[in-house]
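These notes open a run of structures that come right after.
Each of the two complexes below includes subunit A, the first together with subunit B, the second together with subunit C.
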Partner chain A sequence: MLLQFIINGIIVGSIYSLVSLGFAIVYNTTRIFHIAYAVLYMFCPYMILTFFSNLGIPIFIAFIIAILITVVLSLLMEIIIYRPLAKKNSSLNIIMISSIGIMIIVINTIALFYGNETKILNPDISETFSFGDIIITYIQLAQFVISTIILLIFLAFLKFSKFGIRTRAMRDDDILCSVFGMDIYKMRIILFTLSAIFAAIGGGLVAYDVGMDPYVGMPMLLNAVVALIIGGIGRFEAPIIGGFIIGILQSLSVWAISARWQDAVTFTLLILFLLFRPQGLLGEKKRAV
Partner chain B sequence: MINIYIILTTSTNLLVGMTNLLSLGQAALYGIGAYLAVLAMMVLNLSFIPTLIFVIIGTSLLSLLIAYPSLRLRGDYFVLATLGFQLIVFTILYNWVDVTRGPYGIPGIPSPILFGDIVITGIIPYLILSSILAVGVVSLFFKLIYSPFGRALKAVRDDELSAEAIGRNVTALKIWAFVVSSGFIGISGLLYASYVSYIDPTSFNLDEAIFILSAVIIGGTGNIKGPIIGAVFVVILPELLRFVGLPDSVAANLRQIIYGLMIIILMRLRPQGLAGEYALR
Partner chain C sequence: MNSDTILIIDSIRKSFVRNIVNIRGKDEDEKFYVLEDIDLILPAGKITALIGGNGTGKTTLFNIISGFFKADEGKIEFKPNGSLIELTNLSAYKRAQLGIGRMFQDNHIFQNMTVLENMLVADENFFGERPFQSIIYYRKNNNVEKERIEKAEKIFIDLFGEDNPFLNMKNEKAKNLSYGQQRLLGLARLLMGNYKLLLLDEPTSGVNPVIIEKIKAIINYFVENKNMTVFLIEHNMKFVLDVADFCHFMSKGIIAVSGTPEDIIGNPDVRKTYLGI
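Let's look at the complex of A and B:
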């Protein structure tokens, strides 16, 4: 039984890692506390629903179209909202509140068109296969495999490509980067695209398993942010480790206490970290928090 | 309802407008106030004035638990910590069924009883009672702004480093601001509980916290009239939309969309809000 819970935790953790990494891509480089990221995660499944269930396009193609539309939404946010604010040198609080504004608008627009109730993408009960005592559904396996592959590709890319070097440079100091002639806004476009892809894939995979409503984004965002903080802000490996830790821990708390206290466990962990190790597991100590 | 929200936004303004602390935990304190009020009225059988005092002190003390750890952090981290507490408090209210009845809520909360035998029931007496409290809170806040304490807070807001350099204990000031504002929020929790006579945890969730914060931001921060305008606006807008004749299901979402748009436009063009004097930083 315990092993089953740990495996479940790892699978959930791989999704957390993916979503959290998408958040980190934007947060580490631009310092935008991208709350509206939550709606990207929720938006993609609704697009899948439109193309797959309503228009009858095969699921795989529908998924890709949905990801593309999510990317467009993300870029609109950057171009219409964040970029002018960044050019005005607005404070991070103002950007964060604007982000809350975007989130409210998108959630409610979706709710207007699709309704507030839970929708499902996959009406069948998914098939399972067992592995000794452990039971895994195929969709869970897909979640784990797809997210792990994406995570690995991204990390390799970050380490060895020119783009990766630029991203890490921007994390360290974006003003200096623009002094050296890097086009910051072009970089931001790429970063927002990547983060939207991560959110969309995570959202699509989870929704295919358990369905969605317009409000699924926020809890996921919170888990992603906690994963980022536990891992350590500023490093791109960190949210991955944090994601797996949270996934396993939540799963264990279901096993040990009850599913209802999952969130309380997560956020107690967050507050413990904020108090005693605000730089996270991998972060370096900085004086000004 | 307007009076309840005026108290909420005015006390949130003490944090956001006076001290530059964005808190996403306001709904948790609002909820704590409401549940403490129920505890005082239904279990301890106190009348209104003792309940009021009990709620103010109780909420302030509990807020100290939140304030002390989170105020050691700055900026994004502070927002996150308050967000964390908001979710923990909500989970406790929701899941500790033995005490709070969890998702079933607590029905049949009695009307406030003043001076032994005057029972406040019906809209008009209730309006008077809540107005008195709202005016009380606002005038206290007015006094607070121009007191040495208020000026010290503004100094912290405008330049934390300088304030510290001239010998102000910045962390202590912030903690005081948080605790005082929480005490006020407790009052609105009490008013809400006795007005609606039924509470459940979903009235105090993260959406409510965001709602309170956006009311403050829409109205404006840093002075007295801003939060009041914000509160009036967010309470009256749904009524206006009903007046236009939209069906309820559409109106609820549309209202939220209007808030969202307003927040974005205000942040871009007028970060101090409709009537505020202090632009958020």
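Let's look at the complex of A and C:
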């Protein structure tokens, strides 16, 4: 029984890792606390709903179209809101508040067109298979395999491609990047695209399993941020480790206490980290100034 | 205009808005000009110093030249190789690609990257080349990258000799270097690019006398061996006397006095308002 919960935790953790990494890609490089990221996670399932359930396009193609539309939404946020604010040297707080604004607008628009109630993408009960005592549904397997593959591919690119060194340079000092001739706004297009893809895939995979309503984004964002802080802000491997820790811990709290305690356990862990290891697991202590 | 001119700054004005309490005790935004009217011509292949009190707008002028601020009025023209290029509407990264290098007053380095990576990203065109394809570009196993590493190591040897801390620490994170070493790395890095004009903002602030001597040697190396032009802001007058060919004294938003460093130091206005002697 315990093993079943740990496996469930790893599967949920892989989704947390993916979504948290998408948030970290933007946060670590641009320092934007991209709250509107939450709606990207929620937006993709609604697009799948439109193309798959309403228009009858096969699920795989509908998923890809939905991801592309989510990317467009993410780029619109960057081009219409964040970029002009950054060019005006607006403070990060102002950018964050505008991000909350975007989130509210998109949530209300989705609620207007699709309604507030929970929607289901897959009305059938998903098939399962079992290893001994452990039972896994096929959609859970898909969640784990797809997220893990994407995480591994991203880490490989970060390590071996020139994109990786650019991203790390931008994380350290974006002004310096432009002094050396890098068009940071072009780079931001790539970063916002990647982050939207990660949110969309995470959102789509979860919604196919449990359905969605217009408000699913925010709790997921909070988990993603906690994963990022626990892992260590600034490192791209960090949200992945943080995501798995939270996933397993939440699953164990369901096993040991009750499902209602999941969030309490997550945020207790956050507070413990902020008090005793604020730099996170992988972060390095900052030198005192 | 002389044929060996590299930068022409023509009637630059720049204002900021500041909040004041007016005569009736109310808050009020007031526009004031940091740069009233700056005209300046930089001769190519020389070292020109810019001096002046704190808050007179020296760094603002550097920010306008390198594209981080937009001037209210006036224009800047750059002449890297014979033809004049108007810079006024170009963004910072394009100016960098044209050949304007910049070093900041506080050490801007890529803290979490290695010493060697700090050099590599400064290479000419590193950031400029193929921005979108960079995602599928395997970086370690190609000749361009190998040449870059050799170039970086040669720069370290040329500047600091065979046995130097930068070569020994090339695979360590740059934040482990001391403040003075970070400053030297910032200067050495400028040799990776194909820069024609370097803007150095107070290169000697906060470092010890031995490093100041090294900085002096590096700046002379830029001009003599690499044919670069150097424009620097400096408060250390001894340093200015030692390295600079020309000097401009900025006061109240204009270039008040220009000449050789010796002329400037001898000027009674400068002695009274800036040097305090």
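We take it that the second predicted complex is superposed on the first by the 286 of 289 C-alpha atoms of A that agree within 3 Å, B and C clash if a C-alpha of one lies under 4 Å from a C-alpha of the other, contacts with A are read in each partner's own complex, and residues count from 1 in each chain.
Going forward, a contact is a pair of C-beta atoms (placed from the backbone, for glycine too) under 8 Å apart; a residue touches a chain by one contact, two chains touch by 3 or more.
Quick caveat: nothing in here was measured; it's all calculated off a predicted structure.
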item	value
Joint occupancy of subunit A by subunit B and subunit C, clash or fit	fit
Once both complexes are placed on the shared chain, angle at subunit A toward subunit B and subunit C, C-alpha, multiple of 10 degrees	90
Which partner, subunit B or subunit C, touches more subunit A residues	B
Contacts of A:Ile175 with subunit B and subunit C, given as first, second, both or neither	second
First, second, both or neither for A:Ser161, with subunit B first and subunit C second	second
Which of subunit B and subunit C A:Thr70 touches, first, second, both or neither	neither
Partner chain in contact with A:Asp183 - subunit B first, subunit C second, else both or neither	second
First, second, both or neither for A:Ser17, with subunit B first and subunit C second	neither
After superposition on chain A, the shortest CA separation from subunit B to subunit C (Å)	9
Residues of subunit A at both interfaces, subunit B in one complex, subunit C in the other	none
Subunit A - residues contacting subunit C, complex	157, 160-166, 168-169, 171-173, 175-184, 186-187, 190, 234, 287
Of all residues in subunit A, those that touch subunit B in their complex	33, 81, 84-85, 88, 90-94, 96-98, 100-105, 107-109, 111-112, 218, 222, 225-226, 229, 260-261, 263-264, 267-268, 270-271, 274-275, 278, 288-289
Residues on subunit B engaged by subunit A in the complex (per definition of touch)	20, 22, 69-70, 72-77, 79-81, 83-85, 87-88, 91-92, 94-95, 206, 210, 213-214, 217, 250, 253-254, 256-257, 259-264, 267-268, 271, 280-281
Subunit C residues touching subunit A - in the complex, by the definition given at the top	66, 68, 91-94, 96-97, 101-102, 104, 108-113, 117, 120-122, 124-128, 131-132, 134-140, 175, 193
